[in-house]
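Next up, some structures in structure tokens.
Both of the next two complexes hold chain A, though its partner changes from chain B to chain C.
Entry: the complex of A and B
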């Protein structure tokens, strides 16, 4: 019953999206604008139908309806309800259902907020959204159908992949990732709409989607950080980034989108880089689909590539169609994409943005080439090769260091005109902080040139970005006689977008410091301890108390109780564990992390004597790693600041012509 | 003499593991070491392997650093893209011991890597060796940076060449920074 409701809802949604998409050009070309309300209605109806289908699948999971193929594949009566619900995105079919739902939601919301706008931009954007939705419905009725009948109905199922039911972050990272990934469809659809309607000459599509792009970028950023956190907390090796193909798949569109967020400012202010921005946005969307293809086709073996099948061909076909049709559209509109503005001097903010875009684009291609190279090498040479951390670090660290530097230079350079004598004053704080951070890094024992440069430029960028807040607030104090804090809050409130960007920069500095420090000063040691014995890593002493075994409903847990010592006093107790799931041959490591402001003590249980007489533990001192997670929050806070409407925009929106949410 | 013999045994068992891993292919990483369905003693195997190093060698910081450097470039065959230095898996720990033993026996870093390549193929290296077709991934990013830099210079020259017009830019309040 549930199966039939869910399955038929998708079938109807497929018909509705197809009809809605066809209706749009017919209505516009025949001059029947009244028909367009039907294609908007198709967007809303699609959302309703996909919602029904998604809820039905969740209900099927929760009620253990094993007659549904997806439930039989990932469900299990022993799995706790929370992990049963989140197994919606634990395997291919469910995650496509979830994707279709998020897409339906974005499409309905963006069409609703812009429904009253004159012109053909929004109808064509709605059409593009419907066409993308149509592709996912085809997947759901074809190679990724979660609603197939299972007969005879099994009494129980295997449960989700153990790695996916071992940590609460699995309920956080995937939805964030989908909200980010799928959100990139909105600016893409508006770019297509702008080209189809000929409105690409005005920058309206950019203004209408500015906030949507930032929302998607914020979610994608949060998803990447949450994914790093999950891998740190679950995989047990004490790292957070392994340049795994699927990590790269989420990072690649983030790079192009971040480039876009910066270069789009050049277009908005100066009317330059129009063609480039269009390509960046289309590229970002295509890279999200490519990322899904890499993740879900199983073409590159990886920790996330849990499934394999014929679905790869559908994705490749879709990518080809998108690339070809946008190429034709861009070519047809190229006359409208010329540059309007000019520069007075080369050393201006525009140039900084250009360089930033160049480095981000090269970064993107480097990661993409490295990720795809094993496939290419196998095709060309017939030999399997690996491209992993040593390669990616070697190639990307110089780029990251250059970008850190630009992050400090960009905000202090003026638009259009060359930098004047005031530049020196603006750079002082950054230079001082940069030198300080560099020297501290050296004193702490950093000897790698890139590590020292990274500390230096992180300090430089911090000084430059914080300096913008300080100078702005000081100016207000002088001009309006406000107290400093009032001046600061009014300064930020008056231009949330600009200062949101600087907040995000400060978050990036925190992440950079965490990554550089943990990469440079990380210390680890492994030892076999008997009860009462202790070991010391980088000045942090842990003592083994006892080992224990616990039976849980869905798993067996072996743990070691470890005491973190402060002198002779026990300052904290942690319990690194190994979880044994019946469906997995290997135990799932469950390391424990004790965080302090200066770093984490990371404990992982490696082995144990069955009688509990000794355990082997790995203890890692991870300097500044908590700063990475905190920096992630700061970046997202910056994004939220940029999403909130500013006073100027609120005034425009209340004017009759405005259609912006 | 004892050292050599047990070294050979380790090598043989590793070769067997390697062949097994190769047969299973990179796509299906199953644990080639003794499968464990239930909690059990997992220390026994490791003790056996570690027996060939003297106490002095075990605590030699220089040897440790060399081992770390080689181990960071070798891929753990049963993990997802982790090096045997990072991986907590049992096979990685055994492989790391083999690396250390071979270095202690006087092999160069490259010789140790070659040994693992002969067992597992080029795939075992986390970074492709920079020759032949593989040079492509090292050269492409460099070309991209150079090409990108030339392009940026070209664009900025074009932007600044023509006389500046007020054009599209209407300076607003926050332009004056």
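Entry: the complex of A and C
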């Protein structure tokens, strides 16, 4: 019953999206704008139908309806309800359902917020969204059908992949990633709409798209940080980034989107880089589909990859269609994409943005080539190779250091004209802080040139970006006699986008400090301990108390009680564990992290004697790693500042007449 | 933009692209890790020494020596025909045992011992439910019953 409702809802949604997409150009070309309300209705109907289908699948999971193939594949009566619900995205088919739902939601929101806008931009954008939705419905009825009948109906199922039901972040990272990844469809759809409607020459559509891009970017950033956190807390190796192909798949579109968020300001201010921005927007979308292809086709192996048969061909076909059609569109519009302004002074903010874009693009290609190289090598030369961390680190660390520097330079440089004498004052705070951070890094024992430079430029960027707030607030205090905090809040409220960007920069500095410090000063040690024995890593002593076994409903847990010592006093007790799921050959490591402001003590149980007489534990001192997670929150806060409507926009929206701003 | 500056800009971009390609090529050339079996690694001869390799095969039964105090692990990886001695530091993964498929990352030294930097037990990456009658959990049932907390 549930199965039939869910699968028929997708079938109807397929028909509705196809009809809606066909109707749009027909209506526009025949001059029947009244028909367009039907294609908008198709967007809403699609969202309703996909919602029904998604809820039905969740209900099937929760009610353990094993007659549904997806439930029989990932469900189990012993799994806690929370992990049962989130196993919606625990395997291929369910994740495509969730994808279709998020896309349906974005499409409905885009149409709803822009329904009154004149012109053909929004109808064509809606058409592009419907066409992408159509592709995912085809997947759901073809190679990724979660609603197949299972007969005879099994009494119980195997449950989700143990790795995916071992930590609460599994409920956080995937939805954020989908919201970010799928969200990139919206700016792409607007780009297609702008090119089809001929509005690509006006900047209006860029302003319309800005907030949607920032929403998707914010979610994608949060998802990447949450994914690092998950990997750190669950996988037990003490790291958070391994240049795994699937991590790269999420990072590559983030790079192009971040480049776009900056270069689009050059277009708004100076009317330059129009063609380039369009390409970044389309490229970001294509890279999300490519990333999905990599993770969902089974072509690479990774914790995220779900092996499946034919679905890869569908993705390749879709990528080809998207690339070809957008290429034709861009070529057809190229006469409208000329530059209005030109670079006037070499030492201006435009130059900083251009360099930033160049570095981000090079970064993107580096990661892309490194990720795809094993595939190409196997296809062309028949050898099995992997491209390891050394390649990615060697190529990306210089780029990251250079970008940190630019992050401090960009905000203090003026638009258009070359830098004047006031630059010196603007740079002072950054230079002082940068030197300070660099010296602290040296004193702490950093000897790698890139590490020292990274500390220095992180301090420089911090000083420069914080300086913008301080100078702005001080100016208001002088001009209006406000108290400093009032001045600061009014300053930010007056230009949320600009200061949201600086807040995000400060978050990036925190992430950079965490990454550099943990990469430089991380210390790890493994030891076999008997009860009462202790070990010391980087001045942090832990003592092994005892080992134990606990039976839980869905698993058995072997743990070691470890005491973190402060002199002779026990300051904290932590219990690194190994979880044995009845359906898995391999235990799932469950490391424990004791966080302080200066870093984490990371404990992982590596092995144990069956009689409990000793355990082997790995203890890692991870300096400043919590700063990475905190920095992630700060970046997202910056994005939210940029997304919220400004006071002027809010006033326009609440005005009785006047149409769209 | 006049014609001359246009060509100049194109040339500059071309130079940058070539420089970037050369960097990438150099980076890949020295950092690609080959996936080899013991037989293939041995056949490489002189070229097989001291380059990053992922060695795949089975743990040769009876070859495992594990010193839990020094955290020293020695064993041999075999593919039926070839055999390579491996040394690694740190506790082996839980599923590590005679005959188990493993992937060892590291470098093959001239002393004919493969120094491992990472040791992984090879299992299907795709998650599979165990076959009927297979109860991995049973193995641990006997575990430390007397210990408790």
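Please note the rule applied: the second predicted complex is superposed on the first by the 649 of 661 C-alpha atoms of A that agree within 3 Å, B and C clash if a C-alpha of one lies under 4 Å from a C-alpha of the other, contacts with A are read in each partner's own complex, and residues count from 1 in each chain.
Keep in mind that, in the parts below, a contact is a pair of C-beta atoms (placed from the backbone, for glycine too) under 8 Å apart; a residue touches a chain by one contact, two chains touch by 3 or more.
All values reported here derive from a predicted model rather than from experimental measurement.
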**Request:** Check whether A:333 is in contact with chain B, with chain C, with both or with neither, and answer first, second, both or neither.
**Result:** neither
**Asked** So, does A:238 touch the first partner chain B, the second partner chain C, both, or neither?
**Response** first
**Prompt:** Is A:416 contacted by the first partner chain B, the second partner chain C, both or neither?
**Reply:** first
**Prompt:** Between chain B (first) and chain C (second), which does A:270 come into contact with in this model arrangement: first, second, both, or neither?
**Reply:** first
**Request:** Quick one: classify A:67 as touching chain B (first), chain C (second), both or neither.
**Result:** neither
**Asked** Thinking of the overlay built on chain A, is A:343 touched by chain B (first), by chain C (second), by both, or by neither?
**Response** first
**Message:** Taking the superposition on A as described, I'd like to know which of chain B and chain C A:454 touches: first, second, both or neither.
**Reply:** neither
**Message:** Applying the document's definition of touching, compare chain B and chain C: which contacts more of chain A?
**Reply:** B
**Message:** After the superposition on A, what does A:561 contact: first (chain B), second (chain C), both or neither?
**Reply:** second
**Asked** Which partner does A:394 contact after superposing on A: first (chain B), second (chain C), both, neither?
**Response** both
**Complete:** Overlap of the chain B and chain C interfaces on chain A comprises residues 298, 301-303, 342, 358, 362, 365-366, 369-370, 373, 377, 383-388, 390-391, 394-395, 528, 549, 556, 558, 578, 580, 585-587, 606-608, 610, 614, 616, 618
**Message:** Going by the contact rule set out above, which residues of chain A touch chain B in the complex?
**Reply:** 236-239, 242-245, 269-272, 298, 301-303, 339-346, 350-351, 354-355, 358-359, 361-362, 365-366, 369-370, 373, 377, 380-381, 383-391, 394-395, 412, 414-416, 468, 495, 498, 528, 549, 556, 558, 578, 580, 585-587, 589, 604, 606-610, 614, 616, 618
**Prompt:** Across the complex, what residues on chain B touch chain A?
**Reply:** 26-27, 29-31, 35-43, 46, 72-73, 75, 80-83, 86-90, 93, 121-128, 133-134, 136-138, 140-141, 144-145, 148-149, 151-152, 155-157, 159-160, 162-165, 167-169, 171, 174-175, 177
**Request:** Please name which positions on chain C make contact with chain A in the complex.
**Result:** 1, 16, 20, 23-24, 27-28, 31-35, 52, 54, 68-69, 71, 89-95, 121, 123, 125-127, 129-130, 135-137, 140-149
**Item:** In the complex, chain A residues that touch chain C
**Value:** 158, 161-163, 298, 301-303, 305-307, 342, 358, 362, 365-366, 369-370, 373, 377, 383-388, 390-391, 394-395, 526-528, 546-550, 556, 558, 561, 578, 580-587, 606-608, 610-612, 614, 616, 618
